[in-house]
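Can you keep this structure in mind? I'll have questions shortly.
Going by the order they are written in, the chains are A, B, C and D; count residues from 1 in each one.
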Amino acid sequence: MPGSTFGQRFTLTTFGESHGPALGGVVDGMPAGVAIDLERIQHELDRRRPGQSKLTTARNESDRVSLLSGLFEGRTTGTPIGFTIPNADAKPGDYSHNEAHYRPSHADYTYDAKFGVRDHRGGGRASARETAARVVAGALARQFLEQLYPQGPAPQVSAYVERVQDIAMPSPPAFYDRSTVDATDVRCPDPATARRMEERILAVKKAGDTIGGSVVVVAQGVPPGWGEPVFDKLHADLAKALWSLPAVKGLELGSGFSGTLMRGSEHNDAFTSASGSIRTTSNHSGGIQGGISNGEDITLRVGFKPVATILAEQQTVTRDGSASTIAGRGRHDPCVLPRAVPMVEAMVLLVLADHALRQRSARL
Amino acid sequence: MPGSTFGQRFTLTTFGESHGPALGGVVDGMPAGVAIDLERIQHELDRRRPGQSKLTTARNESDRVSLLSGLFEGRTTGTPIGFTIPNADAKPGDYSHNEAHYRPSHADYTYDAKFGVRDHRGGGRASARETAARVVAGALARQFLEQLYPQGPAPQVSAYVERVQDIAMPSPPAFYDRSTVDATDVRCPDPATARRMEERILAVKKAGDTIGGSVVVVAQGVPPGWGEPVFDKLHADLAKALWSLPAVKGLELGSGFSGTLMRGSEHNDAFTSASGSIRTTSNHSGGIQGGISNGEDITLRVGFKPVATILAEQQTVTRDGSASTIAGRGRHDPCVLPRAVPMVEAMVLLVLADHALRQRSARL
Amino acid sequence: MPGSTFGQRFTLTTFGESHGPALGGVVDGMPAGVAIDLERIQHELDRRRPGQSKLTTARNESDRVSLLSGLFEGRTTGTPIGFTIPNADAKPGDYSHNEAHYRPSHADYTYDAKFGVRDHRGGGRASARETAARVVAGALARQFLEQLYPQGPAPQVSAYVERVQDIAMPSPPAFYDRSTVDATDVRCPDPATARRMEERILAVKKAGDTIGGSVVVVAQGVPPGWGEPVFDKLHADLAKALWSLPAVKGLELGSGFSGTLMRGSEHNDAFTSASGSIRTTSNHSGGIQGGISNGEDITLRVGFKPVATILAEQQTVTRDGSASTIAGRGRHDPCVLPRAVPMVEAMVLLVLADHALRQRSARL
Amino acid sequence: MPGSTFGQRFTLTTFGESHGPALGGVVDGMPAGVAIDLERIQHELDRRRPGQSKLTTARNESDRVSLLSGLFEGRTTGTPIGFTIPNADAKPGDYSHNEAHYRPSHADYTYDAKFGVRDHRGGGRASARETAARVVAGALARQFLEQLYPQGPAPQVSAYVERVQDIAMPSPPAFYDRSTVDATDVRCPDPATARRMEERILAVKKAGDTIGGSVVVVAQGVPPGWGEPVFDKLHADLAKALWSLPAVKGLELGSGFSGTLMRGSEHNDAFTSASGSIRTTSNHSGGIQGGISNGEDITLRVGFKPVATILAEQQTVTRDGSASTIAGRGRHDPCVLPRAVPMVEAMVLLVLADHALRQRSARL
């Protein structure tokens, strides 16, 4: 596949540039019979959309999704779900300065190097706007996973902002429900830390600069057995999913880099048997052992770099290689993290939906 | 694909358990006309093989690879290259204690949860022995990449041990050639650090314990333009490749988590034009922007946990859920890092070979 | 992939039901730099659209395609091309009788058996209306292939109706240009045969019945070397492509079933050397040898069954298994062949575009 | 994937040339828990092997398969099954005349056109010897399918020679069990027809010539619901599978080309309800409607051309384009059909095993 499709059994194919007529995608492999709540899909998009708070870009996209197929009388039919999201507030004129100049740490130069041509309006295909389609698909995946076990608890995925630049939550990664996460604009479940993060973001925005940080995502209720040996380990697919998001610089599973400082005798997760189910007494493994879920919380930390668009003038070159300078215009986020939360959840949900289906082939 | 195949145009499919008759694989998509030096393939295997130094497991596998197809008169024919590596020193009897007990932080429990059956001998398919097939394929990919540009410089991939537990090289990630890396058993290119690492490993081995650390891998000479927008970003595929190795807990690209502490104005890599080619004055991006290579060094750091097999008695459960204890027997590494170096290189080489071919479709 | 995606390097993913809001698709892998003539895409759709002549269904769809991405200033950018085709003349009310009854030789029963749910309106996803998206993608593939060799002749694909029921052209398969094919409503390049075919179709239509026949498709100018050994033989991919169209019952390559009556000494295509290029003196092979194109015309014959919807009352069962009867209503074609011509061309074009790109990886 | 892998969930990857050290393959996606009878795998290979009767080539390969992984205590473990088949009776010296000359209607020229290099020994990768690996995989698929429904009847696949040149069975396609098919060397279940076929084959062999014919394959007991809408229709995947075999010139499903002569009112298969299950009163559909199985027999007819290697001198060209002649040497079959029977079964079995697993994702 050429690179716009993700997944094997539950797949998403996306299309769309930042300032073209529309973005969209196709979810294929959705099993038949899943009841779909359209408002919840829109709500996920609203969490990602620009202009949602003073912390984000001023681009004001309503981001209304239209589902065009694959649903009948409120349920999935097993056929592909096509959808579009119009670009309503596109202002391509804003980006004419991008045409000749390569913005530092953006994808302008590399797209030209690869394709010899580039839709320079607002980043084109490289714009983070592309992730809107992922959020729609993630919302569909979430509803599938919620209905997967009519009797038992559903796999749940929740992300939050753990750290903005050097302002970090004091507590270790954990599962927080959405109301707690969304209680603050910055989507940090610790109110005191959230307040400090917001102040920092606004200060940086005022300075025309940008910052990054980290998002933690936890998948709870994933049953033991998801993931495959060797190349398609559950965390290998999660890694690909998360690294395919814009601006990612680092990823940790469970104990992460800290775990690499420990001895085996400290790091190993002892098994114990609790009311009939096998559990571990610690979770340095981050819920995955040998590439396969063990029933504990799957815990990942994703590091995002500071947004590349800044207002200060920067040294760069033009397409023909002449030295030049460029300063940010257009509408951009001072910190991607609050809006990254739904993107991170979406990618984890897509991987889980895919492996939920793949798992059905594991045994005779 | 079910999980034993990696890549899209340059692919590797592997098979084999730790204590079955043989491991092996099939490399498909190798272009016709590549001259293959068989001794260099064997040499890569020798770097990975157990028993190569006092720092590694005592299992003494000669790891002789047989190439069965796809070559004719010393060159590739464009048809698949099948190969096998016999398990010569398998001692399945050593592992009978694994049958009923779940070893902590191994894949015993999760394999049972997934498949309902498990080849318990030495970890079966979950054994790191599986990576021997990856090393063979990586060695083939390397020779392809070296011959890709008859006129120009070849993409080169080199990895080394940067840190063992808390003993780290004082210098930042860089490209070291193989002779420097292989000058010490621990494969750390800084001799003083290497000495301290080796002492630590031997002390830990003596204590029956294990340790982890980090490997840095650098790809030099990758031309601008490799990688794809959106899901198959070059670093997304590298992330999947590296996270598919056993024991990985963390991954960083370029500036990594440190970069998430910086401001955009510090982190952005300014463009400059040097003798006709476009370069950046810093490389926080780690050689990849928007998922596509920009011609700078691709720099990744991989964190490996301490090996799970330790000699001390640990709390665990049996298959039927009863509390029990287990202590390591068999033959194991106190620290996986020296042998991880060729595995890491192999996975990066496979991704680069794949994207070298995918790139051929980018333009009319 | 779950079944709505076709191809490996040049791919099409489709969505849409007969009576939902829209059909559409995503073409991914289109190389950058191809000049796209939008009117020619629409023209291909017009050849497929219902209501184009008295020989086809009365459903009167304008079938206007909107391209939503992947184009910039008239050229492809290398990013996915998303498109939609609204269902303007959908009359879902017409199909209420389909809800409870299984129409004979339609997919009603099998969809229920598979999915447990079915969009019964006009065949839903099983409607031949789905092929509109294929025609759009085929039109894009055609423009890519036309520009593939700036110096040399372009691969050309042309199909025509060779036989309607027992009324067949007297001449063997050959390449006819579009003006000749489209000179008659039935798309048979022999005017006398065309006239007889049209009379037959109208008579059958009057009788409320339906008929089938065969379409011949010829690909001219495909260079030697496209296709792959073993599973992805060029004709294996063509076979899958063509058998994925609705109503196909038979397929022949080159000499076809007639060739199976010959002796090897008669059937073999002798090689000859003409002005520097290697040719064959006959073409029983149909342009493909060992799964790889040899430069001769690729010639395929596709047999289509009579359309399943007829006006006569037929024996059937209801969803709950009770005996019942059903008679066709809705709007349907008496003979699918004239409209099948652009569908057949589209599928062959998709396979050729895919293998044109795959071929770029064949050699160092 | 580059072309040596077949299937999506139940996959086969093959390697090997006719005169290299060995052929082999990897079956991935086999569910855990299938009991494997190794002798039955060998028996399938014996049905395909050369030298089995006076009707086949004199090459005398024992074709002993070694299974190298994926089995433990007689059952599958869910991990890939690697296997090799040594080329014991390879006589590469026999084929030196192939090096410079292109054998008519073989793949010599097209391989050179594609790859620029060719293993000329006995056809190399293009040799039908490659199908041995398919037969092993098909035998594994068969055992999986037999154990799929512990309570119910198993899907069964049986093929036979229906026609040799113009000598055809008088009865329509039907399911014959193996003992009936294998009762004659030619594998035609009608003894009188079989006798005439054998006489014809021996006469043609004596004349140094070759003939073709047709094989019928019937899959019985496939439950309703296998196959997918649109591109991965069950018969589209079967078509690709069968057309990937060497020497195929035509394919028919159910009524085939004869069905294209009928009217819809004759061709439609009326539904009826028999003891609780929905059946059809005729089976022109060949067991598949809308790309999905309907529970009736799946019936396909495959036409094979006469073998290309003949003893008579034929006109050809050399690699450098000079006119020349060539006459067959080496060891070849006068008629491929008796040995094609197990190959055809294997490919159908692989498709069914794949769709059996894919079907598990169809519903919530």
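Rule of thumb we're sticking to: a contact is a pair of C-beta atoms (placed from the backbone, for glycine too) under 8 Å apart; a residue touches a chain by one contact, two chains touch by 3 or more.
Source: prediction; values computed, not measured.
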Report task. Go through the assembly and pull out the chains touching chain A as well as chain D. Result -> B, C
**Report entry** Selected interface, C-D versus B-D, where C-beta contact pairs are more numerous
**Finding:** C-D
Requested in this report: Just grab the chain with the largest centre-to-centre distance to chain A, centres being mean Cα coordinates.
Outcome: D
Query raised in the report: Taking each chain's centre as its mean C-alpha position, how far apart are chain B and chain C in Å?
Result: 45
Query - Gap in Å, rounded to a whole number, between the CA centres of chain D and chain C - result: 26
Report summary line: For the pair chain B and chain D, the C-alpha centroid-to-centroid distance in angstrom is 38
Query raised in the report: By residue number and range, which residues of chain D touch two or more other chains?
Result: 1-5, 8-9, 14, 29, 32-33, 76, 78-79, 114-116, 125, 229, 361-363
Report task. Would you mind writing out the residues of chain A in touch with chain C in their complex? Result -> 1-5, 8-11, 13-17, 20-26, 28-29, 32-33, 66, 68-70, 72, 75-82, 84, 114-119, 124-125
Query raised in the report: Taking the complex as given, what residues does chain C use to touch chain B?
Result: 8-9, 29, 31-34, 76, 78-79, 144, 147-148, 229, 357, 360-364
Query raised in the report: What residues of chain C sit close enough to touch chain D in their complex?
Result: 1-6, 8, 14, 102, 104-107, 109-111, 113-116, 125-126, 130, 163, 165-166, 204, 209-214, 223-233, 235-244, 246, 248-257, 259-273, 276, 278, 280-281, 284-286, 288-295, 303-310, 312, 314-317, 321-323, 358-359, 361-363
